[in-house]
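Next come two complexes, and both contain subunit A; in the first it sits with subunit B, in the second with subunit C.
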Partner chain A sequence: MKSQRIAPHLFLLPFFLMFAVFWIYPILYSFYVSLTQWDVFHAPQFIGLKNYVQLFSDPEFHTAMANTFMAAVVYIAVMVSLAIVLGLLLGLAQIRFKSFFRAAFFLPVTMSLVVVAIVFGMIFSNDFGLLNVLLSGLGLPTFNWLGDPKLALWSIVALRVWRAAGYYAIFILAGLQNIPEELYEAARLDGASEQQIIRKITLPLLKPMVLYVIIISSIWAFQLFDEPWVLTRGGPVRSTLTMMMYLYSYSFKYYQFGYGAAASTVLTAIILLFAFLNLKIFRTSEI
Partner chain B sequence: MKKTNHITIPFVIFLILSLILASCAPATAAPAEPAAAEASASQPTAAAQPAAATESTSAEAASSKDVITVWAWGEAAAVIKAIKSDFETQNPDVEINLVEMGPWDLMDKLLVALSTGEDVPDVAEVVRRVFPPYAQSGQLLDLTDMAAAYKDGFTTGSVAEVSYDGKLYAMPTETSYSVFAYNKEIFAQYGIDPAQLQTWDDVKAAGEKLNADGIKIIYQIMPTGPSGSMLWNLFFISRGGNIFDENGKVIRDNQLASDTFRWYYDMKDVSWLSPYSAPTLYQAIKDGTLAAVATDSAALSSIKTQAPEMAGKWAFIPWPRWSQDDPKVLGRWGGSAFTIPAKTKHPEAAWKLVEYLTVTDEGITAMWETGSLLTSYQAAWDLPALTATDPFYSDMSFVDMLKDYEAAPPYYWVNWSQTQTILGTHIDEMFVGASTPEEAWAAAEAEIIAKTEK
Partner chain C sequence: MHKKKFPLGKLAIYAALLIGAAVFLIPFLWMFIISIKPEGEVFGRALLPSSPTLASYQKLFETTNIVPWYVNSVEISVITTLLATILSIMGGYAFAKYQFRGKNVLFIIILASMMVPQFTTIIPVFNLMNKLGLVNSKLSLILPFSVNATTVFLARQYLMGIPSELIDQARIDGCNELQIFLRIIMPLSKPLVGSSAILIFLNTWNQYLWPLVMMQANEKFMLTVGLASLTTLYNIEYSLLSAGAVLFTLPVVIVFLLMQRQFVSGLTAGAVKF
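Our next item is the complex of A and B:
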């Protein structure tokens, strides 16, 4: 009897051992590193909370935090809305060539990020960029998309939305396909309009999938790195500097691993907070 | 419903912690810096390295050769491929196992390899300007004695950049000098005599002439970023400038740097502003929007590759001076070197390759002919391959032109990654009109002092 009680735990043990060694230990060690001064070549020196004090008094970190937060919020709002619209469109019975559209929407996320960033660098180019050529062709003013501190971050967010919206639309479509058809039939028999059906049936029942999309996409949104790294290196005037770029630079470029780990811990705390807020809002409200 | 939340919350915590914090664990690779920014070399996968090492080990056992693993990027990697056969014929006991990756990816991986002692290469190419922390790591082979015979043949400063505490930890490979190259047809069309472009004032006046028709005389990098600040620094070095003194301290109230910020800003109106390494730069060269470039000599090779139709239409002139009375001094972008980790199992074989690449006629010739990399070993600048004229640039010899210049004073690359990022930010600030050049330099200087604590 006793061995029967132990058996499941033994079966689970390998996973927990691996989890502890390869996940929990690095996480805890990373937190320990954040309390040290460490150049990676020499032994870390414990300095308590000094890295955190320095971090919160660094205007560069404030800029990185603000940029990351603004980019993440706008990206999530626009991207999720667009993904829902695309998902709903893909779910419409009237749409033909659905497989083609599904593949087309999914395509951007399969492309190498660096290649995408380089192509968008050409699209956003001030002199020969496709966007400015189109604008000037229409007689509209042109913009320095990546060279203007007021526009650069939003140009990068636009790139990210383009890349991710189709991918998450497939998730939304999967969520739509899980909604029982009988509910729609019943609503139609009761005389509900298409807008009412979307508002009262589709969106509420999509809530778990939307929540999943928001949480997953927000984790990646707060880790914005590759696109600004390739396109702008955080400039101009740090307008595209993100927290991931900040912690990467301090760790691997400036050899201040303790400081970089402190920035990483703060980023984690922010993402956790954001995720909990999402959970809380979605738990208590309707879309 | 409540039960679902109990599962969801730990799941979310797990997911977030896993994705973010684990990436900061010391033995975990950092986000790879895209190689496309500075090198066209193909990227090896992380898995490819152990595989290569395993293959190397078995090959080594089979042939009893010293198989040396070499990390290099772009042009130098192409050179190693080109010389591999000749080198291995000359050294039948050595076999080269080349691993290519981008320069910053390589520097990150080398940092991890040296600090953990795992997967350490036998030879690694390194970026000289960010080499000091590596030299101070105690994880590299001291090459002082092996290189003693060659030390005096290198260009001023290049040996100092790879030395620490009187010991040499790498062999300088190449140095990128400043070059002013121009489109002959456009200059002729606008009546600009290149021989008259003696100073930067002359260049600006010629630029204003071209600017009337929307043609630019140089390009500047915007957003500036680390690469754009290197371009500013190229001009600054040619002016004899330094941000740090020989003791590694920031020079206070650096008037020359402030003046160079002002000059760089004033050139903005006659410059073509472009992000670093943007393909559109070559489009501007091809369609004549950009009539000249003032940058580092690596551009000579890039223009040839990216705009081959311009062959014979471009030439270069000596690097302009800051005033008629100034000495003729070149700027430098930086350079690379080859280092040997102390944990190598084949120090002699590794040294043979480093010596071959950096100081032998064959290696230096291959560096120039295959990679357009000008050796830092100045004693070899008379080699026929280096002084040969280039049909693309109107049968001129870049190396011959360099011989007229005085060596620039030593440049002190202290905390350079951080310094160049700060410089880039404040150059951008003045470009977007957020501050005057003088204010921008003052802010840059203050921030460099605060951040580097120097």
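Our next item is the complex of A and C:
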């Protein structure tokens, strides 16, 4: 029928038009810009791969890449492990107050990253931070969580883990609830122990959900910006400088749009590569 | 789900859950406590204020643009939520229940766009808005935020679960395509509408980078940017900052608590079929 052929196009059209203007065009344009020299005063001038060459020879960019990568990988590893543990705790046994715990786990994600940064500024503060007050109260040594170049990046990773672990635990819980009850019954009839059941049934069947969580959370992990921007401005001694902060500075402080665009192309490539590697590893490995 | 005996004791499970909940909730509590401390006590070693005060809240209203920031954030978030929810459900429906040329390629492009950092698009969009004279206008945020690949994906996953027989039957009964969408699909999509709307609202309400770039006049700021601007003052007043953070977070927490069941089920529906 004719109307059935036209209908999907009409339903999709509004979204597609906006998507073209605000995603497809900017992505292509940004890639073109990355091949030009462009500041506010002059029109873009094509310079080939010069921006990329300059980018990879800048030690500050190396620092930003290393920081971003370390923070992202540690964040994903710790956060996803915690999310699995919390999800299993919520889902495996029959517990009371389940909806209370679920809400408590979920709540941090409703807090804006900027507010998270502000609140954790008051937790990590050297002078009056909750953490140091508690530590000194217990007679333990205190640390300058955000002021020590060795600690600052990990403090920021910690607050990211705090914000996301409970949220993703809910996804793990949904994955658990999706495993058919019959599988468990069959395994029990065959005399499997509870530990065997978790290892042989629960964890393998959770794999697709874990993969989903890793990929979705990695997209944001590599775009670390708001918290270090508000808390440390990349300091002390560039220990929390991230790729996003680097390209923000070049684009909007120094107005080198071409150079900033080159940096963001590199960041996109890293995110895509990471997602691709995860898909590959997960599809081929057995737990 | 299997709910028989579990090797760890029940007690250990509750202990772990309670510790987890405490860790997640304490920062909220700390934010509130600092906000009712007199400014002079913030740097003291006492956990609780000697005499709680709302002075910081009062000062926030007297000395900052918090009211316009609040209004901007509410206006931008609500309009974006309406627009983006409608766009993504219509789009997701086309992907879920129709066949058309280029469908799979387009869907993959939309999914892949989720991987592109927000920065890649912000410079070209900033220039576009600049040319259109929309910098400092709410439209410069509402329009880009209304395109949400994640909720299109969610909508497709959810709507694929609606039996196609319902739609075919409606066609036989003489409904046109728009009537089917409005009278059959929409009523069945309430959880989807709920979770998409919350997701988009949260996402917009919490945005920092885009409003930082697009809105350059102080009274045009969204709350995130306004609050963050208080941290760059020479003398940061923490109880003032906390008061702002509390006012910022409270409405979101309330909305979430009211709608949590619906939100969680709609949100995870997409991921389960990933």
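Annotations for the structure displayed:
The criterion applied here is as follows: the second predicted complex is superposed on the first by the 262 of 287 C-alpha atoms of A that agree within 3 Å, B and C clash if a C-alpha of one lies under 4 Å from a C-alpha of the other, contacts with A are read in each partner's own complex, and residues count from 1 in each chain.
By our rule, a contact is a pair of C-beta atoms (placed from the backbone, for glycine too) under 8 Å apart; a residue touches a chain by one contact, two chains touch by 3 or more.
Keep in mind that what you see is a predicted model, and the values were worked out from it rather than measured.
When both complexes are superposed on subunit A, subunit B and subunit C occupy overlapping space and clash.
Comparing subunit B with subunit C, more residues of subunit A are touched by C. When both complexes are overlaid on chain A, the residue A:47 reaches neither subunit B nor subunit C. Once chain A of one complex is fitted onto chain A of the other, the partner contacts of A:147 are limited to subunit B, with no touch recorded for subunit C. Of the two partner chains, subunit C is the only one touched by A:14; subunit B is not. Looking at the shared chain after the overlay, A:91 reaches subunit C, while subunit B stays out of its contact range. Of the two partner chains, subunit C is the only one touched by A:108; subunit B is not. By the touch criterion defined above, A:23 lies against subunit B and subunit C together after alignment on the C-alpha atoms of chain A. Of the two partner chains placed by superposition, subunit B and subunit C are both touched by A:225. In the superposed pair of complexes, A:279 makes contact with subunit B only, with no contact to subunit C.
In the superposed model, A:128 lies in contact with both subunit B and subunit C.
For subunit B, the stretch among 117-125, 153-161 or 423-431 that collides with subunit C in the superposed model is 117-125. Contacts of subunit A with subunit B, set against its contacts with subunit C after fitting on chain A, overlap at residues 23, 26-27, 29-30, 33, 113-114, 117-118, 121-122, 127-128, 219, 223, 225-226, 230, 244, 247-248, 251-252, 257, 260-261, 264-265, 267-268, 271-272, 275. The part of subunit A that touches subunit C in the complex is made up of residues 1, 3-5, 7-9, 11-12, 14-16, 18-19, 21-27, 29-30, 33, 85-86, 89-95, 99-123, 127-128, 130, 133, 136, 162, 166, 170-171, 173-179, 181, 184-185, 188, 194-195, 197, 208-209, 211-213, 219, 222-223, 225-226, 230, 244, 247-248, 251-252, 257, 260-261, 264-265, 267-268, 271-272, 275. Across the complex, subunit A is touched by residues 5, 8-9, 12-13, 15-28, 30-31, 33-37, 108, 111, 114-115, 130, 133, 136-139, 222-228, 272-276, 278-280, 283-284, 289, 415, 417-418, 421, 424-425, 428-429, 431-432, 434 of subunit B. Listing the residues of subunit C that touch subunit A in their complex gives 1-8, 10, 13-14, 16-17, 20-21, 23-28, 30-31, 34, 42-45, 47, 87-88, 90-91, 93-95, 98-100, 103, 106, 109-110, 112-125, 128, 143-144, 146-147, 149, 152, 171, 176-178, 181, 202, 205-206, 208-209, 213, 224-225, 227-228, 231, 238, 241-242, 245, 248-249, 252-253, 256-257, 260-261, 264, 267-268, 271-272, 274.
On the subunit A side of its complex with subunit B, the touching residues are 23, 26-27, 29-31, 33, 39-41, 113-114, 117-118, 121-122, 125-129, 146-149, 152, 215-216, 219, 223, 225-226, 229-238, 240, 244, 247-249, 251-255, 257, 260-261, 264-265, 267-268, 271-272, 275-276, 279, 283.
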